[in-house]
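The next part holds the structures, each set out as structure tokens.
You will see two complexes here that share subunit A, one where it goes with subunit B and one where it goes with subunit C.
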Partner chain A sequence: MSAITRPVLNKKQVEMNHLLHEAPREKHFITGAQAMAEAVKRANVDMAIAYPITPQSEVMHLVGDVFAQGHIKEYYRAEEELGTMSAIAGASRAGIRLFTATSGPGLLRGLEAIVSWPGHRVPAVLGILTRVVNAPLSIQPDNIEMAYMMHCGAVMLHAENQQDTFDFTLAAFAIAEKVDVYIPVAVATEGFFVTHAKGYVNMMSEDLVYKEFDPVASPVPAMDNETPPARIQRDAPVQKSNFMSYLIHSVWQQEIWDSNSRAMKYIYEYLGGPIEVQNPGSDVMILASGCAAAQAREAHRYAQEDGLSVGFVKVRAIRPFPRDEIREALKTAKTVIVPEHNIIGWLCTEVKAAIPNGGIVHEGPRVFGGMTLPVELIMFEIYEALGIEHKMKL
Partner chain B sequence: MSKKISVGPAGYMPQSAPSMGVELAPEGSALLYGETVTPEEAMRDAAIALLTNDNPTIFPGPQVLWDWKEDVAEKSAAILDLASEIPNCKIIPMPDYRPKYPKIDVKAEINPNHPNLTILDNKIKACVFVGVHCHYANLTLRMIRAGTSCYTIALCAYMGHEEAMASIRDLHASDITKFKEIIIEERNKLGIKWETTLPPENPSLPKEDNSTLSPADYGEYRSLIMTKKGEHITDAE
Partner chain C sequence: MSLKYVTPAERFKRYLPKDYVELVDFGPFGKTQEEAGPGNMGQFKELMEEHPMCSGCWMAYYIRLIFASLPCPEETVTLGTAGCGRLAISQAAVPFIYGNYGDQNAMASGLTRAFRLRFPDKQKDVITIAGDGGTMDIGFSMTMHSWIRGERFTTIMLDNEVYGNTGGQSSGMSPKGAVLKMAPMGKDFEKMPATELAKAAGCVYIVRMSPTNIKQAAKVIRRAIFVAREVGPTFIHAYTSCNIEYSIPTEDVFADAIELGRGRFKFDEYMTDEAKIVIERVEGEEKAARKARKASKAEAVN
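Showing the complex of A and B:
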């Protein structure tokens, strides 16, 4: 192996609240992929492991550049996604800060390892740059893969745009590493629509970094011979033992979901809460997450110009799901419209289950397979819901 | 006072305390039966439980059993002082988190994979967990609440534990000393006569004789042991 000479950087370590809320920021015009890599640059990451897949490739390529610039201690390209995600779990045992990212089929290939991260208390950050997973093969955006991630216990944030991608990725490291959370945080956003499109992102100086990872402040011991008890690989923390092992597996699963729910207070602290609400109390509420929230926001603006009783809810946190917050935001709504970038409508299903009157939740509009989501599609549903005559032809 | 959680047995597969609405206490506070209270209030209730329930026991975990960090020795000494003031208190360690094969020695240790065995066999009705990593403490406390009638106390260096009947967070040696003083006060109020006495030695652990120690004594871990200068080990895997 050839040695890589990288500069040694002298950066100021600060708390996450300072980074996110106090440090002065400058406006940049960058892609979502650049925004994610810029967040990693400021997160004091110890190790990033990559395996390329479109549309994620650009993120991990840029993270490789960030490594070459000296902002990350270790970086390598793994064999494939199962190897990548397994290596993340292994590296985490040593007590370090980790980042990786993937897309669509890559996420599903790595899923066996990823769904074991929460139980193994791996506080890594995973970027999910969404892409079609169904046949026929396509590299286009579609976020159905998030449905597969929703039941493993990981915290999941869904970014609307480049700015969210930057802020969520940075905050994810702090949320993941809290002793009472200590599970992975996935930051998802739509491939291409966000990753390959430019938007304005306000960023703090790259001379500031999040404080160094503390392997001792952990709910499980790091695997070394200095932290008691020395954890030996052959002594798995849970093995099939006597009948009590079923009980420990049950309470272990409970503990992961409890840890997931404990993350909520940090979502408030760092990101201002799991949802954003505009015009609460309106007859029609448009509720969306990720890139669909951008179109929903625009539809909301159109509706305001028309003087319609329409409100807007953006969901930042998919897990923990903001059940109480959404109930409150939708309590007087007559119709809820949930635009999504997938065929099954996973967000729609979640919202229906969260509120007592799920019948008011309208199925869609949905686009998938790489289709864009025109604002007119949402306006059509708004006019229909309010019984307004219109001449829209879709 | 209202109780969000109470001493078990809570049942076959009970809800976790967080899912029943128990939230970790903020800095400067403690939890008592799932409600936020002052640390002193939690300590007083815990003290009475340790003084009035059968077979009070302290379960020290790895973080206070090994002298691995600056403040640990002071904390461990404070735990011994605490144990000395609780009448007939035992100390049973949780030295690591591996399942014990073929059978755990319940007089010698407690294990997060089956903590009920130690609690039930020793008829422990009040216990203190200290120095156990938070993940394993939560699992253990939940299983004890599920299957036993033991009052649990968590002394935690971080944010505390929702599952314990009494939970103290951000623990320092001075907090353990304060807890000891409260125990003495409550003991005097209850009229319990007791002279400061260290708990009995662990009955199952053989006396250590390091003079004859050899790598073979480390069994499967012997590869981790550095050889002595000039020593040549021929018997290896």
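Showing the complex of A and C:
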């Protein structure tokens, strides 16, 4: 028995819309890791499972404290990420609300389990605090790992700053658990740049929590021998024949991607939509997600000061990808600049594929290995695109 | 709730599949072992009937025995992984969770904790049933760590000493010298000491056996489940030969199991003092209940 006793808290359960849009908020100056843990504290999480990796560890340390303070019912450190992500899948079958977080190599180690969560209909929330994927070794922020997550069916949100990290993480639980969604939601943000840096975060009182998980309101009821329908029929259809296995797998995966699309309406409801647009109709549009959006926002401000025809698009949702919204936002653009924190330019590729005139999308600027993304790098591309003379050298 | 959960309303029965109704009426749910247990297999509606296993498969027999021995099937959830075993386990009338490769004990860790959290006053039996590859090779870390953490569920390893389902590759549990796929010159290291590893990792009840004696095998399965409910992780290492990959003629499968039961699967039962207390108490209670039932039956006859 543990010598430390956990207090029993009496918190008021409310709907997600009340939490996000109605409850009064107070301004705090906290790190991104704190913002994620503070969201978990208000999400009425039943169980969190932790495993260390830099820069994520800070998040799950803080979630451990949140457990010790009585906000979470169960918490443990698992053996490694595959064990962590598998335990999340197992615990989910009992009908409870779950949270875990990881980074770069940890995400890839747990990926076999994570990419099967949508198929297993696991409505857990996963924090991704981005980091380089080896080799050579680096612990620095680089969001290349998100590219590996994009094709499993999970909903993916990308937070620009500490405030986004808080709001997105909280909203993620409600989105994941909608009966017409019921797949995992990953909330990504850049390691160190956001997780270890402080920013202003407006938060509601911690006496309020999201209403408790409902194991009955699920398209795939809990396997708890309590929630109907009873699962005693001996029919393992997938194993009947190869034909049945093709058929079942294909319809099931279609349903998962349909569920992913259906998450879009809740991204509108809770987060105000999958993109933010400023100065639509400009000749040059800077489009970015996550931390790169903060730098792109700054470049956009510089350009406004210079009186240039430059607009800004921030992408909040990576999955479902806001194809229609991006098409609309970029329809009159002559050049699209996509600054990114990774070498392959996964967002650039997505945007190119989403619009009919992909040729206007400029490759980069990109930084990787954990480098910072100077605003000047983006300005250079803007000047080049607009044919403005400048003395910047790269 | 759980017995009620499997029982349909009387008037709804005619709309349900016959197999379902028979399971509820003539299956082992809510019944004692004398009514529906290993002693009268074939005389009641069993949880596992049809399966796609090979003719003469000793693993299929043992899985059938596991399901006939469950102390409370209506409160049981099984977990497994890739391998021949899951082909049969998934067709038993008990919820079965199939995840990824070798992750059964990690999933069971999460599941068991979540059950205790949601149903603190109820006993849900969680059992992982996987092969030697799933338990000791690909799932090794997750198996060991679930034991080290003291997770309270039962692990059953169906050891056929080979990767049967993928076509006969050598596993960590194959005996030294065995010529199998991926060991074309014969396996050059010893069979892994599974029960010793379990002991070192903190399992509180451990049995190695070749389950040729039905009564003894059933007793072991039930003990492992009873102890896991109250004390800690339990482990059964059972020999379930692969007559295909080891070329054992179907009529010799039983003789082979007897022979290995005298050799490297010689019966070995370990229990901690705490586990022993639970076993003695539960078996004492069962004996008293049996006696009382017998007495009331005799009284009814008189």
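Heads up, the rule we're going with is that the second predicted complex is superposed on the first by the 377 of 394 C-alpha atoms of A that agree within 3 Å, B and C clash if a C-alpha of one lies under 4 Å from a C-alpha of the other, contacts with A are read in each partner's own complex, and residues count from 1 in each chain.
Going forward, contacts are C-beta pairs under 8 Å (C-beta built on N, C-alpha and C of every residue); 3 or more make two chains touch, one makes a residue touch a chain.
Here the structure is a predicted model, which is why all the values come from computation and not from measurement.
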Partner chain in contact with A:Val216 - subunit B first, subunit C second, else both or neither: first
Touched partner set for A:Glu255, first subunit B, second subunit C, both or neither: first
First, second, both or neither for A:Ile88, with subunit B first and subunit C second: second
First, second, both or neither for A:Pro228, with subunit B first and subunit C second: both
Which of subunit B and subunit C A:Gln304 touches, first, second, both or neither: neither
First, second, both or neither for A:Thr349, with subunit B first and subunit C second: neither
On subunit A, the residue positions that both subunit B and subunit C contact, one per complex: 225-228, 230, 232, 234-236, 239
Subunit C - residues contacting subunit A, complex: 1-2, 5-6, 17, 19-20, 23-24, 47-50, 52, 74-77, 79, 87, 90-97, 99-101, 103, 106-111, 113-115, 117-119, 124, 141-142, 145, 149
Parts of subunit A lying in touch with subunit C, wherever the complex brings them together: 46-47, 49, 73-74, 76, 78-80, 82-84, 86-96, 112-113, 116, 120, 215, 223-228, 230-236, 239
Residues of subunit A defined as touching subunit B within the complex: 121, 179-180, 182, 216-221, 225-230, 232, 234-239, 241-242, 244-245, 247-248, 250-252, 254-255, 257-258, 261-262
Touching residues (chain side subunit B, partner subunit A) in the complex: 13, 16, 18-19, 24, 62-63, 65-66, 68-69, 95-101, 112-114, 116-117, 133-136, 138-139, 142-143, 146-147, 158-159, 162, 220-221, 224
